[in-house]
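The structure appears below as structure tokens.
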Amino acid sequence: MTSVLRTEGLSKRFGDFQVLDRVTLQLPQGARHAVIGPNGAGKTTLINLLTGTVRPTAGEVYVESERVTSLRPEQRVRRGLVRTFQVNNLFSDLTVLESVLLAACERTGAALDAWRALTTRTAEIDAARATLRLLKLEGAAQVRTRDLAYGEQRLLEIALALACKPRILLLDEPAAGVPRRESVALFEAIAGLPGDLTVLFIEHDMDLVFRFAQRITVLVAGAILTEGTPREIAGDARVKQVYLGRAA
Amino acid sequence: MTGGHGNAGVEEESVHVGKTVGRAEDVVKVGMIAEMSGPFAETGRQMVNGAKAYQKVYGDSAGGRKVELIVRDSTGPAPEVAKRLAQELLVNDKVDFLAGFGLTPNALAVAPLATEMKKPMIVMNAATSVITLKSPYIARVSFTLAQVAAPLGTWAAKNGIRKVYTLVADYGPGIDAETAFKKAFIAGGGEIVGEVRTPLRNVEFAPYLQRIKDARPEAVFIFLPVGEQPVAFMKGFSERELDKAGIRLIATGDVTEDGQLEAMGETPLGVVTTHHYSAAHDSAQNRTFLKAFAEVAGSDFKPNFMAVGAWDGMAAIYEAIRRNGNGPIDGDRALATLKGLKLDSPRGPIMIDPETRDVVQTVYVRRVQKRGGRVFNVEFEQFPSVKDPGK
Amino acid sequence: MRLRTGWLEVLFWSVLAAGYVLWPSQLPFASQVLIAGLFALSYDLILGYAGILSLGHAAYFGVGAYAAGLLAAHGWGEPISGLVAAGLVAGLAGLVTSPLVVRGTDLTRLMITTGLGLLLFELANRLGAITGGVDGLQGVEMQPLLGAWRFDIYGRTAYGYVLAVVFVLFLAARRLVRSPFGLSLRGIRGNPGRMRAIGCRVDLHLAAVYAFAAAYAGVAGALLSQTTQFVGLDVLSFSRSAELLVMLIVGGAGLLYGGFVGAAVFMIAHHYLSSLDPVYWQFWLGAGLVIIVLLGRDGILGFFHRRRSSAASAP
Amino acid sequence: MASLLGVLFDGLAYGMLLFLVSVGLSVTLGLMNFVNLAHGAFAMLGGYVCVVLMQRWGVPFLMALPAAFVASAAAGLILERVLYRRFYRRSHLDQVLVTIGLVFMAIAVATWMFGPQQQPLRLPGALSGQWTLLGVDLNVYRCFLLVVGALLAWTLTLVLERTRFGAAVRAAVDDARVAEALGVRVTLVFQLTFAVGCGLAGLGGALGVEVLGLDPTFPLKYIVYFLLVVAVGGTGSLKGPLFAALLLGVADVAGKYYLPQVGAFILYAIMVLLLIVRPQGLVARA
């Protein structure tokens, strides 16, 4: 039992529509794991089920040996399970530093302190600045989120999640909408994350997937088609067939 | 939004009536606190115009001294505003009399100030019994609900009505009216076959009317705040043919109040009410009042008992000034004048009870009738010298 | 994260303290403006900072007013302990009702708060034996403040008392909004879903600030009943909640001072406009509201705030 | 038994009245997700149009009703162009504030034009009085309300679900951009929907005068009733508000008949309870 994140037969049904069908995954610590599949394959639903914003119809989610299936999203964050969003989901009125501080204060429990000034929270501020440095956002610390360039907003998405000090980071298409050149830089930043952090990401760009993933799960119509190393996946005929129509 | 005595008023000039002339001692200031805006604005308009009408007829001076009327808007049931205005009037304007007060909480909040500053406070309208007990400097010239509801109970018992169902709005005044009516009616040998209190914001009377119809009383006694409720009740009453089932409708006079009667159309015809004033009261003093009021407020604005309360309040103040002699107005001497004071009011003779400082007056039994194309409360019986039974 | 004490802030409170000299004959009015300002500050905490849309905040104002009034009417006339008790009772009421309010969308919050307000009004009306019903609660008699200053007719004691209480509570609120908790409220207002995704127990934070704001509203209500020495049913009225919303928006939400500015402008404008003609007041009140929202709902303070910050950011 | 039927009849009729005065709000709030607290102002306009036409020009009641609809719809059309349109994408708070502002202005204007007093409405003889059926008193006007309400609910559902316009409305509400791409003239659709909502408010106001009365404080006085029906019913369809209105009507009338001492609590308590149990309303949007 060395997996940090594990699912067993995770299923979700919306009415008559089986969005996810008995998905079983195991991620060891430090994994760089990609989930790919055509549109509507259930990738985002998988993340929603992992983080608890959607309840599964069947199946379980474990963080290490603890069953978290019935925990609320914020409780799972405290277990180290943190996500980003495919569409920017930020605090447009706050500055970059304030946004990241939010997460830092939540993690340390400072967020319940209604008396001491925010400025006296040096530990949290330092942690927030360190997170920004990691993603090369420190120059934009005082910029209001809504005034940020789009690519930087994508980085802030990740910074928000990182500031929660996750053990497992779930990235939902981190490079969505980002031009090619920037997306490589973005993934290099992801690759530079601490080695003990487990990362599961969804990505459409196969080049990026094959470059940065150690293992790949292919999801088709809600079910796992296959799983393997990039080399195995690249050579799999069924995967080619699924992507044939789309590759053009 | 509690549905009250009329609605937002139109075109009110709450300015000082009468210019300041001569030395300060030559001017007597009357600070009038009235509801000039908000849902009870009608009350304030009635009072201010009633007071102005009095000054129009009897001049703006009494005993050789100018009487200056200072009007302040209490904005509705807002005791904190009323109290603050009274503080300002007493401290900044240095008024000699406090007057006005259409709503009980406003009067109650001001009462301690009258005591502290020893200034006479003339309550021109607020109708809860307890007000006059709250300060020895308060005198009331209007009426109390118990005072007009009790005679109706007596009258009903005397006139062959044996079984009555009561329906009142579920708040202080409604409960006062219900209590006084029941007491007098039962004392006269009547029987209450049912009673119900309706929510303040109620518009759906059907279930209550049905209950009443099921109980088969000989009459229904109602008290509802002026506005859409009495109209809705009366419409339902005739639509459901309670009248044809032999049930009569009796009420206190504010339900068929003169100013609103016209808007009610023919619905209330035949309703019997008791009250202390009707615009149809036949006397020289009432004709003088109606004429002066029309000149002051315009002929579209119909005066009612609230305007009469203000008129009589001014009369009482004028008398107190006359008997004060020269020198500053002395509160205790003014109260001595007011106690036992008799006035010839547009409503008929009234007196301020020397013991309770509350008004003693004739209560009339009236029926809603058409006269020359217009609808009036026509008086047909009276109870002279009625005191407030609430004390 | 502006943490410095601006000279404008010092000026603001100095002017208020100098009220004894600047407007000695208007002290009762100034006290009531301050009370309305405190009430609006309480509303600012939940609307301006936490984004909870309520049309029933008068419920807590009324609970505080009746708590303080009833204490005094039953012999406990010591003002400060009465004030604290009233604040606690109102805060408790806020805490108990918070689970109903914090969940749901703007519309359900609007309806639930309105419904709670109406229920409480009706309850106070029906419990006439305790509350005095529409006639109001009588017999509220206050002892001298700190055993030394009695509440005088000029409103001097009342003004000092109200100003001191409001100032202390303002300082606490100012700390709150500048604390990590205050930041988390702004986060929740901006994006509650993301707050959950970074581990925030959103409902807990909202319940906490709701109860805190309810306690503030209760203190404001208690100040009103103690200085008026009377409690009317109007403390619970729907129009008090609606006017509160207008005051805060006129002044500017989410800026701490907006409530005070809004209360002052609202009450002074009401006084002058309605003495011209009550109909004018209502019309211009409505028109003013429409215009403020059309201009971007910054309120009076927000307008100056924006001009200052745009002037500052210009080179 | 007769009393039970009588209560049921009165309750349904009262519920239908609640539905009629708030159906316009179900359209603007339910379909367009716009919190139009000034709904009552449009209803009041319809009421005054109806009363004035009948009193000053002797127009019969049944002719004054469509006039009330048209007048309020026209007012809605104009206000949509100059004001409401700017607020579709703004927050609910902004919508609340602007429409409360409009309510205050409407009250002032109505007071200035018609005075603060209640306006009398005299129903035609054919609509007043009552029939007795199986020992139950059936008020004629209430029967009329039931018929009109049922017809209206049926027509609106038909229009929304079966016509091209209905499809366009649903598409525009669902996703304005996609609808636009599909050739729906979103601006026009919203404008018409809004006007219809206001027209329905006017019609409801005119029908309601008989029971609710009519004075300048109307839009504020009954604001809770309008919102009640829509909030409890849910904003997904017209069925929700219809069920909610009928349920509330029957509950209110039955409560008053059988438990009169409980008074005003019943309606508010039901509202708070229902909103707690079903925050999205009885019939939630899918």
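Per-chain numbering from 1; labels A, B, C and D assigned in written order.
Note that in this section a residue touches a chain if its C-beta (ideal position, glycine included) is under 8 Å from a C-beta of that chain, and two chains touch if they have at least 3 such contacts.
Worth saying up front: this structure is predicted, and the values here are computed from it rather than measured.
Taking the definition of touch as given, a chain qualifies here only if it contacts chain A and chain B alike; those chains are C. Of all chains, the one whose Cα centroid sits at the greatest distance from that of chain B is A. Chain C has the Cα centre that lies closest to the mean of all protein Cα atoms in view. A straight line joining the Cα centres of chain B and chain D is 37 Å long. Centroids of chain A and chain D (each the mean of its C-alpha atoms) stand 47 Å apart.
One finds 42 Å separating the Cα centroids of chain A and chain C. Annotation: 33 Å between the Cα-based centres of chain C and chain D.
Counting partner chains per residue, chain C has residues 122, 126, 279, 282 touching two or more of them. Among all residues of chain B, those that touch two or more other chains are 1, 8-10, 41, 170, 199-200.
Annotation for chain A: no residues touch two or more other chains. Taken pairwise by the contact criterion, the protein chains fit none of the simple patterns, being neither a path, a ring, a star nor fully connected.
All chain pairs that touch, listed by label, are A-C, B-C, B-D, C-D. Across the interface of their complex, chain B is touched by residues 25-26, 28-29, 32, 122, 125-126, 128, 133-136, 138, 153-155, 224, 227-234, 237-239, 270, 274-275, 277-279, 281-282 of chain C. Residues 1, 3, 6-10, 39, 41-42, 170, 196-204, 206-208, 210-211, 213-214, 227-229, 231-232, 235, 239-241, 259-260, 263-265, 300 of chain B are the ones that touch chain D when the two sit in their complex.
Across the complex, chain C meets chain D through its residues 47, 53, 100, 103-108, 110-112, 114-116, 118-119, 122, 126, 242, 245-246, 249, 279-280, 282-283, 285-290, 292-294, 297.
Against chain C, in their complex, chain B makes its touches with residues 1-2, 8-12, 14, 36-38, 41, 73, 75-81, 83-84, 87-88, 90-92, 104-105, 108-109, 112-113, 116-117, 128, 130, 134, 170-173, 175, 199-200. Here chain C touches chain A in the complex through residues 1, 3, 175-176, 178-184, 186-187, 190-191, 193-202, 205, 208, 212, going by the rule given at the top.
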